[in-house]
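Chain lettering (A, B, C and D) follows the sequence in which the chains are written, and residue indices restart at 1 in each chain.
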Amino acid sequence: MVAMKTLTEKILTDTIRLRPANSHKGTFGRVCLVGGNYQFGGAIIMATEASVYSGAGLNTTLTDVVNFGPLHARLPEAMVTEFTNQKALTQLVSAADTVVVGPGLGVESDSLTVLKGVFDAIRPSQTLLIDGSAITMIAENDLPLPTAHLIFTPHQMEWQRLSGIPINNQENEANEKVREELDAIVVLKSHRTRIYTSEGSFMNPTGTPAQATGGMGDTLAGMIGGFTAQFTHRENAVLAAVYAHSDIADNLADHQYVVLPTQIMHQLPTYMHDHQSKR
Amino acid sequence: MVAMKTLTEKILTDTIRLRPANSHKGTFGRVCLVGGNYQFGGAIIMATEASVYSGAGLNTTLTDVVNFGPLHARLPEAMVTEFTNQKALTQLVSAADTVVVGPGLGVESDSLTVLKGVFDAIRPSQTLLIDGSAITMIAENDLPLPTAHLIFTPHQMEWQRLSGIPINNQENEANEKVREELDAIVVLKSHRTRIYTSEGSFMNPTGTPAQATGGMGDTLAGMIGGFTAQFTHRENAVLAAVYAHSDIADNLADHQYVVLPTQIMHQLPTYMHDHQSKR
Amino acid sequence: MVAMKTLTEKILTDTIRLRPANSHKGTFGRVCLVGGNYQFGGAIIMATEASVYSGAGLNTTLTDVVNFGPLHARLPEAMVTEFTNQKALTQLVSAADTVVVGPGLGVESDSLTVLKGVFDAIRPSQTLLIDGSAITMIAENDLPLPTAHLIFTPHQMEWQRLSGIPINNQENEANEKVREELDAIVVLKSHRTRIYTSEGSFMNPTGTPAQATGGMGDTLAGMIGGFTAQFTHRENAVLAAVYAHSDIADNLADHQYVVLPTQIMHQLPTYMHDHQSKR
Amino acid sequence: MVAMKTLTEKILTDTIRLRPANSHKGTFGRVCLVGGNYQFGGAIIMATEASVYSGAGLNTTLTDVVNFGPLHARLPEAMVTEFTNQKALTQLVSAADTVVVGPGLGVESDSLTVLKGVFDAIRPSQTLLIDGSAITMIAENDLPLPTAHLIFTPHQMEWQRLSGIPINNQENEANEKVREELDAIVVLKSHRTRIYTSEGSFMNPTGTPAQATGGMGDTLAGMIGGFTAQFTHRENAVLAAVYAHSDIADNLADHQYVVLPTQIMHQLPTYMHDHQSKR
C-alpha cells in the first residue's frame, strides 16, 4: 500500500483539455445514461443534466416513459428512450463511449432486467459507470461483472454491500484489495471522498456539509460520465470530476446554507472554462 | 396565560445550526410530504420545493400521478410515489423524520383514505405537520388524532373548524386552551401569525400584504417540514421557519408589489446562510 | 362623441392601490381562467401566469387535462380543473370575482359547450372578460350575452366579427355605438390600442413593434383579469392593465429586438411596486 | 466557380430590419415546425424555441403528443398539433411562410409519412427548410422534392447522403454543382460552415468548439426558420442566421467551456437588438 495522494486543482488543468478548433459533437463523446424508474426519475434527470453541462457531445437517456416530459422540459439537449425497450437499449449502449447505469434505477425485477441488458450489451473498450441501486443489485444478486472499463461510485453502505467490508473497516488497504479484484476505479463517496484506481489512491480535499442533500451522487455520476466521454485519461477524468463537483459546491457554500445538485451542474460551463488547460 | 412573546431575528441564529463537517444527507433529516390531488397539485409541489430549499436531506412526495411530471420538471431533487399506493405510503411515512400532510390533498373520499393511511403509519417519535384540507377533514369527520409530535398550521377559518372557536373570538387564552387539549404546536396564520406551543405563545412580527397570494401556506408548511427534520429543538424550528418565511417576503416586498411563494423558497439557501449560528 | 383621451402613467397610481396591512389572499380577488384546448394550451398558461404575477389572490384555470403538467411546471401557484367538468366549472365560475374566458379555447363544439357553461354560471355582479376565440364563437353562433360586467378584448378582425364593422371602418364613433349596445368595456387591440368604456374612450400611447408576437393578447387578458379582481374601479383597472402591459414591453424593447409575453409578466411585481399609489 | 466570400457582421445590419411601428404579429411571419418523434422531442423543442426567440410572429409545432407538455412548460408562446394529424398538418403547412421539417423527426415509417405530407402540402411561394433526418429520408427513399424555396441544412454526412459527394471530396465546385441541381440554398454545417446560394457561396468565420454539442443544428434550423419568415431577402436571412448563431456562441465561449443550444437562443432578443439596421 502506497500513501494516499491528496488531489489539488492541478488535476483540472491536467484533464480539461483546450478544445481543438476543428471538432464536432462526436469529438466530445457519446454518453448513455440508464436509470430513473417510476419513483426516482429525478436521479436520472440530474445525471443527464450533469453530463450535458459538463460538455459531453451527445447524451441519450434510457428511462421510464414518465420521465420523458420533465427531462425535456429541463433539458431538450438530451435524447430519450424507454429503458424497457431491449433492442434500443442494446443499440444505444453499444454506440456509447461511456455508459452510466444506476441513478434512480430501483431494485425491482424490471430494474434488474435493465441492468442485465446493459451488462450484455457493453463491450470491453467502453467505460461503464455503475452507481446507486445498480451496485446494490450486483451485490444482492451476485451478478457477474461484464468486461469493460468499470467505475463504481458507491456511498459507504453500498460499498459495504459490494465489497463485504463493513463501514467501520473501510480502510485504504482493504478497499484497495477489493478494487484490484474488481479491476475497476472505485469512487467511495463520503464527506471526504476517496478514489481508488490502478494508478494509485486519492483523497478529495474539497466538499462541504452544504452538499449533504439528495441528488448529489446522481450529479457526480453524470459528471464522471461526461468527463470520461470527453477526456482520454480515464483515471484523471474521474479524479477531475470528483474534485470539480465538490469544489463548485464549496464556492456556492460561501453564500448558501444548502447547495442543490442542479445548482452545481449549472456552474460547470464557466468553472471548466476557468480551469481548463492553457494549451 | 402568560404574555405572548414577539419573535426576533434571534430565533434564526438560535435554530439554524452551523452544519457539522462530517455529515451526510441522512444527518439533515428525511421529509415525507403527502398531498396534491388532481386539482391542487401545485400546493404539494410548492411544499416539497420549500422543504428541499430549506436543506432537508431527503424528500419524498406522495401525490397524484398527474403531479410527477411538473414536480420533476421543477425539482429533480425530490422523489415521488402515488399517494394511493398504501404500501408505499406506510413505508415512506414510517421512514421519515417529519411528515407533512395536507397541501392540496382535497376533501374527497380518496383524500380521506390517504389521511387515514398517514395516521395509521405515523409513530409517536415522529413529527407530523397537518395542514390545509387535512385539518378540515379532521374537523368534519371527527377523526381521532394519532400519537406523534403534532403541528397544525391552520388559517383562521380552518382553526375555527378544528377548535370550534369562531374567527372573531380567536383570542390567546381560548387558543392556548385548545392547543393544550390537542397537545400540539399550533401555527395560526394571519397577517400577524401567532404560534402556540407548550413552551409559550409567540407573535410573528414579520410579514407583508405582498404575501397575500395563493400558495403561501403550502410554502410555509414545506419550510416547517424541512426545518423540523434538520433542527432538533422542534418548537424553535417551527418559530424560525415562520419568522424566516415572512422576513424573506418582507425583503422581496421592498421591490415587489406581490411576492410569489416560489420566490420565497428560492431565497432560502442564501437567507439561511446569512442567519445561521456562528458556532 | 367626446374626444378620445390619451392614457398617461397617472392611470397606474390612480389604480394600483397601496395594499392594506391587514389583508389576506381573499382581499386580492379570485380569478377563474377558462381556455386552452389540446392545441392552444400555451394561451391559457400565459393568461394564468399574467394573472398570478399581477397579484390576484387566488387563481384557478379550467383547461384541457394536457395542459395541467406544463402549467404546474411553470406555476405551481395556480389551481387547475378540466374545463369539460361542467359541475366544477359552474362552481368555480360562480366563486370568482373575475372570469377570463377565451385564451386558446378554440372553436370546436367542445369549446362552444365550455363557453355556454361559463355564460350559464356567471352572475350579474361578476366581471367577465371575453377574449380570442370566445369572441369569434359569439359572433359565429349569435350567442346571447349573459348579464355581467362584460369586457371584450378583440383584435381588429375579431372586432369586425363581433361588431360587424369592417377593419377599415373601425372609427371611434362606430366603435362607441356598438360598445354601448354591448354594455361592455371594449379593448380594441392594435399597435395603438383603444379602450371604449361608459366613462369615455381612451388611446393607449405605449407599445412597441417588438411586442408583435404570439401570446401578447393572452397575456393582456390575464393581466386585466388580475387587475379587475384586485382593484375596485373596473374601468381604471382595465386601462391600467393595458397601459402597464405595453409600457413594460417598451422598457424591455430598449434592449430587445423582440419581447416575449412571458418576459412581460415576470416584470409585473417590480413594475407595479414602482407605480403604485403612495397612499 | 467564383471565389467564396467570407461573411462579416455587416450581414446582420443588412438583414435585421428596424421593425415598422405600425405592425402586428402577422407582419413578422408564421413558422410551422415539424419534427420530434417519441425519442427526439428535444430537437423540435429547441428549433421552436429558437424560432420564437428570433422574433417570428406566430409559431406552430407539429410533433408527437409526448412533446406537448415539455414544449409548453418551456415555451407557452408556441402552438402545438400532432404531426400524425394529416388534416391539421396540411392546413398548418399551407398557412405558413416558412416550414421547418426534420429536427428529431426520425426515420421510421411514420416519419416518412409526415415528411411526404409536408411535401404534398407545400406551395411554390413558401420557404421549406429541410433538416436532419428529413435529409436522410430523402436520400434513402429517393423522394422527389417539392417545388418551393428550398433550404437544406445538412452536416457533412447528411450532405454525403443527399449529394453523393463523399465527405473528403466536399469541395466548393462539387457542392455548388449539386446545389444548382437542387435549386436550393445549402447550409453545409461544420466547424466552418459554408453556405451555397444562387447569389454566391459564403464561408462563416464565426464558431467555437464550445458549440460542438447535441442540439446545435436544431437551434440553427429554428433560427433560419424565424429569420426567413421575418426578413424578405431569403439568402440574407439564411446567412444572417448562420452568422448570428455562431457569433453568439463565440461570445458565450469567452466564459464557458461548453455552450448549450438553449443558451444561444435566449441571447437572440438582445443580440438582434444590438445588430439591427439603424433605419
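For this structure, a couple of remarks:
Methods note: a residue touches a chain if its C-beta (ideal position, glycine included) is under 8 Å from a C-beta of that chain, and two chains touch if they have at least 3 such contacts.
Note that the coordinates shown come from a computational prediction; the quantities given were computed from them, not determined experimentally.
Annotation: the subunit C:subunit D pair of sequence copies touches via predominantly different residues, less than half of the used numbers being shared. By count of C-beta pairs in contact, A-D exceeds the other of the chain pairs B-D and A-D. Mean C-alpha positions place subunit A and subunit D at a centre distance of 34 Å. Inter-chain centre distance (subunit B to subunit D, centres taken as mean C-alpha positions): 49 Å.
The residues of subunit A that reach two or more other chains are 69-71, 73, listed in rising order.
On the side of subunit C, the complex with subunit A involves touching residues 69-70, 73. Contact residues of subunit A toward subunit D in the complex are 16, 19-25, 27-28, 52-59, 65, 68-73, 75-81, 268-273, 276.
Subunit D makes touch with subunit A in their complex at residues 39-43, 45-46, 49, 66-67, 69-70, 73-74, 155, 190-191, 208-210, 212-216, 253, 255-262.
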